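I am attaching a structure below and will ask some questions about it afterwards.
In order of appearance the chains are A, B, C and D, and numbering begins at 1 in each one.
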Amino acid sequence: MDKSYWRELSNPGLENPTFIQGLPGFGNVGRIAAHLLIKHCNAKLFAEMYSPTFPDCVAVSSKGTCHLPRYELYYATLDNTNLVIMSGETQPSFDDVLAHYEVCGEIVNYVKNLGCRFVITIGGVPLTEEKAQVYIAATSSRIAAEFMEKGAVIYSRGRIVGGTGLTLALAKENSIEGVCLLGATTGFKADKDAGLLVFKFLMKALGKEIKEGL
Amino acid sequence: MDKSYWRELSNPGLENPTFIQGLPGFGNVGRIAAHLLIKHCNAKLFAEMYSPTFPDCVAVSSKGTCHLPRYELYYATLDNTNLVIMSGETQPSFDDVLAHYEVCGEIVNYVKNLGCRFVITIGGVPLTEEKAQVYIAATSSRIAAEFMEKGAVIYSRGRIVGGTGLTLALAKENSIEGVCLLGATTGFKADKDAGLLVFKFLMKALGKEIKEGL
Amino acid sequence: MDKSYWRELSNPGLENPTFIQGLPGFGNVGRIAAHLLIKHCNAKLFAEMYSPTFPDCVAVSSKGTCHLPRYELYYATLDNTNLVIMSGETQPSFDDVLAHYEVCGEIVNYVKNLGCRFVITIGGVPLTEEKAQVYIAATSSRIAAEFMEKGAVIYSRGRIVGGTGLTLALAKENSIEGVCLLGATTGFKADKDAGLLVFKFLMKALGKEIKEGL
Amino acid sequence: MDKSYWRELSNPGLENPTFIQGLPGFGNVGRIAAHLLIKHCNAKLFAEMYSPTFPDCVAVSSKGTCHLPRYELYYATLDNTNLVIMSGETQPSFDDVLAHYEVCGEIVNYVKNLGCRFVITIGGVPLTEEKAQVYIAATSSRIAAEFMEKGAVIYSRGRIVGGTGLTLALAKENSIEGVCLLGATTGFKADKDAGLLVFKFLMKALGKEIKEGL
């Protein structure tokens, strides 16, 4: 195995879906928000991505089974919005720059072929103030302004490290618009509150009502 | 030399052999168990694998000769069970993730072409209790259950690092069933007891009697 | 994305331009001098280079937009001298040797195709004495002597690390003559004085008058 | 530039030359011995090897010129013995295993095409006793025995790191016989005595008289 590949379990056949990526990382905000969304939408697994740049380490389940590290793609339709949601239990090593470019490039190519027209990546950023907040960066100032109107703050003059920033920037290279949602977190442990905050913001941005008490 | 290659010394021509991998690693459990098996079966060397991801360091024998680092494949027939056994004096560097994927992928392809239908990888895991124990992970819960009946314990919620886990997970990707046997060890030095324990368990799992006092 | 590529915004169509490279690095001398030159000449952006060896980290502007890390090429005509000037906000990781060879090789190929006949790379070197000074190395002793006459000192028995030295040495391999201008700096922070000193020396070397008080 | 290449300055047209490699490394023994041999034989430069795995760092001469890091091949005829001697000012990074395999594989292919039938690599090893000594490893026990008769000692159960061991082991893979000569050294600085000792041993092994006082 010397390059990334996809295993397709079914063909979701969605028109112009919005792609949402939430991978493990700082405070695990991206992965938590993605899993809340998968659960909320009752999304279905339809594809897996494998890569030799993922850790060479297999996790064993409570039943004693193991499989290669992978990213998982789910699809769902929420009212009239088609969604493709990607999460995973891993990422390439933090300092393997080439791996991040290759893997994020693969992802952007794949979702482009699915017909995705808009990309939302979710991650965490170090908390700079006490207030819970969603920060954003976008592929254009128009989109940044739209999300600011919904309550987010521009992550001005910051740097977005790893797949969260790279997938968005590579989407832009492929003429796909998008936005990055960053939940402020201390990052010392999996931050469920930050994940939930970004999830709620995302639902609002998608024009969906979320019942309180979730 | 920029990729792995095999040197074939002879063609074992075995039907549906079981592949057993025991490489150096934690406590050297895998390598010790594989060498006990090679000796016990009087197995014959039939192929060698070379890779530019192996250490750039050649060992000198007592006769003054040296050769490239390599993996060695042996074959044997134990009663009616055909075996292909692989060991070696080295592994790719611990943190060269890409190398582990490439080398383990090469191995799985090679033994698949030999007709192997079942893979057993052997390694060591850190001792979590005083009791000598064989832990397992498998490609399916059915196989995990079979090996539990023979006295092994599921390595539940653990992580198997390097070639021991990766060869098994890549075999599963290629529709080959298998199991990983992990001997508990302190790992501070070559652990002959843990290697012997896994060897005895393996023989029992293969349905072979081992005379006491081995 | 698994290799470098160029995005061409326009075709400058210059005859035999001189290529000037000033990237971030020690004291940021190269980048500062290049930007002074771009501003002085009112140079126009005409091409961008992207590479998977650049950091996997995207910067966010004050407007909330982000893009992939990249090198930027500008062109200008200063009196009768045609210039192609390259700068950027990043470089490959310091210790990724292969990346530096690949990226600098790409650059040399690209500017060779533009018709460049002379290459000037700009960088910083650790201050060895109190005096502000421009050090040089060249592709031939004749060129070194020419720049010495203009007040520079040979960087004798020194070592030039990264893209500043490599682009020059690769140009030489491609039969393009050139020189490397090194501003002495403590390197602890962006050194505007050293950048300005090299810029002024460069203008003098190009035969241009610079008004005092710049 | 993304792979190694050779620049051929002339065609030595030697029959069955012996190839001698002496690169920088432990105590610089290999490079010192190779340069003594080049000087002694008045050997002529005929080829250069460049590689993107060499350091991205260019050295500046006292005349102010610089060039890419490279290996240099010289040829000479000493009485009736044809020699090809390789040295250089650099090696790939110590821990870039893949680079060592690629570069040494390139070298072995090249000298095989030149018709070389015997390879001698020279390096340094940590001093294990006070006595100056040349240690050896060979591609066969017969050759090891031949060099022992000339006063060398087998580097028994040792490990030879980097290009010195790897070129020899890759030569063996290509059915070329050879030997590795290792000068014992403390390695703290360039060890001229160890280099001279190995040079003298080499001349003796080649059947040449060396005048005392060299």
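Here, contacts are C-beta pairs under 8 Å (C-beta built on N, C-alpha and C of every residue); 3 or more make two chains touch, one makes a residue touch a chain.
The shown structure was predicted, so the numbers you read here are calculated from the model rather than taken from an experiment.
Student: Would you mind working out whether subunit C and subunit D touch using mostly the same residue numbers, over half shared, or mostly different ones?
Tutor: At the contact between subunit C and subunit D, which are copies of one sequence, the residues are largely different (under half shared).
Student: With chain centres defined as C-alpha means, what is the inter-centre distance between subunit A and subunit D in Å?
Tutor: 53
Student: Can you compute the centre-to-centre distance for subunit A and subunit C, using the mean CA position of each chain? Integer Å is fine.
Tutor: 37
Student: With chains as vertices and touches as edges, which is it: line, ring, star, complete or other?
Tutor: ring
Student: Output every touching chain pair, sorted by label.
Tutor: Going through each pair of chains, those in contact are A-B, A-C, B-D, C-D.
Student: Provide the residue numbers of subunit A that touch subunit C in the complex, in ascending order.
Tutor: Result: residues 97-98, 100-102, 104-105, 136-141, 144-145, 148, 154-163, 165-166, 168-170, 172-173, 180 of subunit A touch subunit C.
Student: Help me check something: in the complex, which residues belonging to subunit B touch subunit D?
Tutor: Residue list for subunit B touching subunit D: 1-2, 50, 52-68, 93, 96.
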